[in-house]
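What follows is a set of structures to go through.
In the two complexes below, chain A is the common chain; its partner is chain B in one and chain C in the other.
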Partner chain A sequence: MAATFFGEVVKAPCRAGTEDDEEEEEEEEEEGRRETPEDREVRQQLARKREVRLLRRQTKTSLEVSLLEKYPCSKFIIAIGNNAVAFLSSFVMNSGVWEEVGCAKLWNEWCRTTDTTHLSSSEAFCVFYHLKSNPSVFGSCPRKNMQITILTCRHVTDYKTSESTGSLPSPFLKALKTQNFKDSACCPLLEQPNIVHDLPAAVLSYCQVWKIPAVLYLCYTDVMKLDLITVEAFKPILSTRTLKGLVKNIPQSTEILKKLMTTNEIQSNIYT
Partner chain B sequence: MASRYDRAITVFSPDGHLFQVEYAQEAVKKGSTAVGIRGTNIVVLGVEKKSVAKLQDERTVRKICALDDHVCMAFAVLTIFVGLTADARVVINRARVECQSHKLTVEDPVTVEYITRFIATLKQKYTQSNGRRPFGISALIVGFDDDGIPRLYQTDPSGTYHAWKANAIGRSAKTVREFLEKNYTEDAIASDSEAIKLAIKALLEVVQSGGKNIELAIIRRNQPLKMFSAKEVELYVTEIEKEKEEAEKKKSKKSV
Partner chain C sequence: MFVPCGESAPDLAGFTLLMPAVSVGNVGQLAMDLIISTLNMSKIGYFYTDCLVPMVGNNPYATAEGNSTELSINAEVYSLPSRKLVALQLRSIFIKYKSKPFCEKLLSWVKSSGCARVIVLSSSHSYQRNDLQLRSTPFRYLLTPSMQKSVQNKIKSLNWEEMEKSRCIPEIDDSEFCIRIPGGGITKTLYDESCSKEIQMAVLLKFVSEGDNIPDALGLVEYLNEWLQIIKPLSDDPTASASRWKIPSSWRLLFGSGLPPALF
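On to the complex of A and B.
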């Protein structure tokens, strides 16, 4: 890619050879790099490091699938992103006692820690909780009568619309649901051509394929770090059937949220 | 489409956008919220103070700056910039030099509108220059002119400026602006203390941690600038909370 005088970015032609020369290049590669046994071992080691491990509570013992089957699940709520997690922890998890059941740990080359065997619990990528009083709210295996709710955030500049982003009432909520989800969402559905990315998309696709009723609530916001207004944009979800029974103490939730904010403030001197 | 026309400032996209300017406006949204209110005899500037790192000297983290003062020692023009701190410093320096240069040549202090126009023209130049990026800052400029009329202006990275009765810039500015649209009434700005309370109430809509993170400054007609201390802000905050409680009690009595 090169920038011209007028600032337009164009794909510069490659002087090292055109794409039609692929065959010749392949032959050269084969002669130069044959896979040695060391290569294979390194590849296997990497594959082992990248395995996703499910561990029981704060220990290193793994959470067997059979143990998970012990916990039948009727509602599974997953929050992705720090605003969604803050919403869940302050509004849903403060009412009733939630017990940590296990966590999922994984590693890939982009992680900052190099030691994979001793990942501390704070570095778990996903922690599973279940409601002590109603143990049916948890699970990881798909069941017939289970309902899944996914909460996540996205920057408002990703939202494609013919209006200018300045006139959008951000933060705002959009929903996307699978065919089997019969209830109505508490906010308008996500219009085309917008698409969902990453983990929430994977979960929703899985649910659609396995015919599990699931709904994704996506909050478009212009503040991606932990922000009170973004978290409060998730509030309409509290009136849905899934979360209605779980949320009791709303004023206390706002207090907990404020505490979370202060502990999570990141210092930045670039922006005044 | 955006990816081909957003690398250089001098290029319009096919549908007429200057993407670098729009991205600069996103940079402004990363700054903390600031609110400005024009009362009948007072102008108020309030800003959310980000908590300072432990080892950092708090005195060097000042957001509200004076651009000029009058011969009679009353600060005439106050400003607050939101967005990239370094850009703000550069623009403030140029504006201050311009204020003094104007005084030397014309023998009159600048009007608020003049200095706003100067800052806006400076910002616009950087949206039309080869190889330079726009300033990633918006400004709220307040002050009194010689005729004694209070003024509030807002500029943005594109170089436009407008006069406002009340406005907010920075993170969650839309929420604050909506609050101001609902609550900026003739009663609300009738007295100086009411205008100050309106500014604090507007900021409390979005400030996460309450009164101790609010920096406030006012100018009253023919009086010098006043920067509020944390205690004074707290006094107003407690007053506001009392009023809220009383209003809620009245509501519940009515419903009963």
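On to the complex of A and C.
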């Protein structure tokens, strides 16, 4: 509870996120004594529905073994978010032939659809590709030599600096790398006290703990929808050891990127 | 699960584990930052778990260019072998329904690692105090029965206040009395589980409100220091407190970035 200057007493949100948790858990304990088999069944069904499933892309059947066992690779590149994905599609996947090898499907209460089997392409999902021509990418090298590159974007207001974020030259690139990543990043490292959460953080945490070399390239931008300038901010990454060999035709890539932008542009009109 | 930084797990037999509860004002976590930073504890491993929201960042205790680029994750373990201290720092909140599984995993690691005792730094909502608590010191302690046997005399000599029992259901007059720690996160669960598993555990907490909780964290480490004497005991000058503890470099910009000059 907090008293405001206007004389009212309001419930202040707890930074530690404990309020709801405590009540929920107490309720859970009480309900546990009264939980019927139906309640338990509903909970279990919900848990099953929320499991992440890996499927073969074309046939939509489950992959029996882990993707990396079936397609061991030395370079694993993950793009998270529309701008990062656009960069990867136009510049990297445009060079050489990439084959879809699988996809990950997931559902939770935040998804707007209740159907877990037929997700349309506009909904959040993940597709895995491997480079057909080059065996070192998703190729036959043992897992120990694997290097992971993650690309993602964040809004510039998330970046903490002693100047005002309005004066920053966005978009700009920052990097975070694990202890075992020995190469240098192509941009400055993310300074304290900035942090990253969500999927990029989960991947990087895993890599740090299990000593896998990994680097996260984070683009701070003020435009979160698909934007040419934001995507081009990832360009310095093309000079890194991971991507150098993969990218062949940069001018063509830029053309493809421009096409991607126009197909995604919705005529902005306050009447639509 | 505990994953060591090096090749093998360090020997923690007989060590005292200091850990925070993610609680109101994040006081326990801030206090842990002060301890790790002041004692210059070295990282010995990670507590890798899916129970906490993932987060990463560069070394929060960096003092120079050279040590500023080591990646840190949401749950890490530090140690100071010369003082037989091991510290667990938690940097994010629990994922829904995962706090109890976390407590179980944590306590099983405490038992298997051979730690002699656990001290949990926590906090509780100051607005939930009763009249008596409002008039007394804001610090409280709790000991599990097995801990009581070994440190009761020392604690008695410090003249500390034990956490009082309050009505289990505050609104009902004839409800039973029990230990309640509103806003304390997993503190109560850890305490209850340690009691039943006969783990030596002490809880040190302060009644706080959300806001700038740095003074509360300094208060809590001084409270802990009265007992453990981690650093030189406090002289009569209370204002000397702030300068004895090393504020980590990651505490910069706690309240956001700089302001646009155009605002003025």
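Here, the second predicted complex is superposed on the first by the 214 of 272 C-alpha atoms of A that agree within 3 Å, B and C clash if a C-alpha of one lies under 4 Å from a C-alpha of the other, contacts with A are read in each partner's own complex, and residues count from 1 in each chain.
Everything below uses one rule, namely that a contact is a pair of C-beta atoms (placed from the backbone, for glycine too) under 8 Å apart; a residue touches a chain by one contact, two chains touch by 3 or more.
Because the structure is predicted, anything quoted here is derived from the model rather than measured.
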item	value
Chain B versus chain C as contact partner of A:Glu38, first or second or both or neither	neither
First, second, both or neither for A:Asp222, with chain B first and chain C second	first
Which of chain B and chain C A:Met261 touches, first, second, both or neither	first
Partner chain(s) touched by A:Glu163 [first = chain B, second = chain C, both, neither]	second
Of chain C and chain B, partner touching more chain A residues	C
Interface residues of chain A shared between complexes with chain B and chain C	157, 165-166
Complex contact set, residues of chain A against chain C	1-2, 12-19, 21-22, 24-25, 28, 157, 159-167, 176-179, 189-202, 204-205, 208-210, 216
Chain B - residues contacting chain A, complex	3-5, 7-11, 22, 25-27, 29-32, 50-51, 53, 63, 81-86, 88, 171-172, 174-175, 206, 208-209
Residue ranges of chain C in contact with chain A within the complex	3, 22-26, 46, 48, 53-60, 62, 68-71, 73-74, 92-94, 96-97, 99-100, 125, 127, 182-185, 189, 209-210, 249-254, 256-262
Chain A to chain B touching residues, read off their complex	3, 6-9, 157, 165-166, 169-170, 222-223, 227-229, 258, 261-262, 265, 267, 269-272
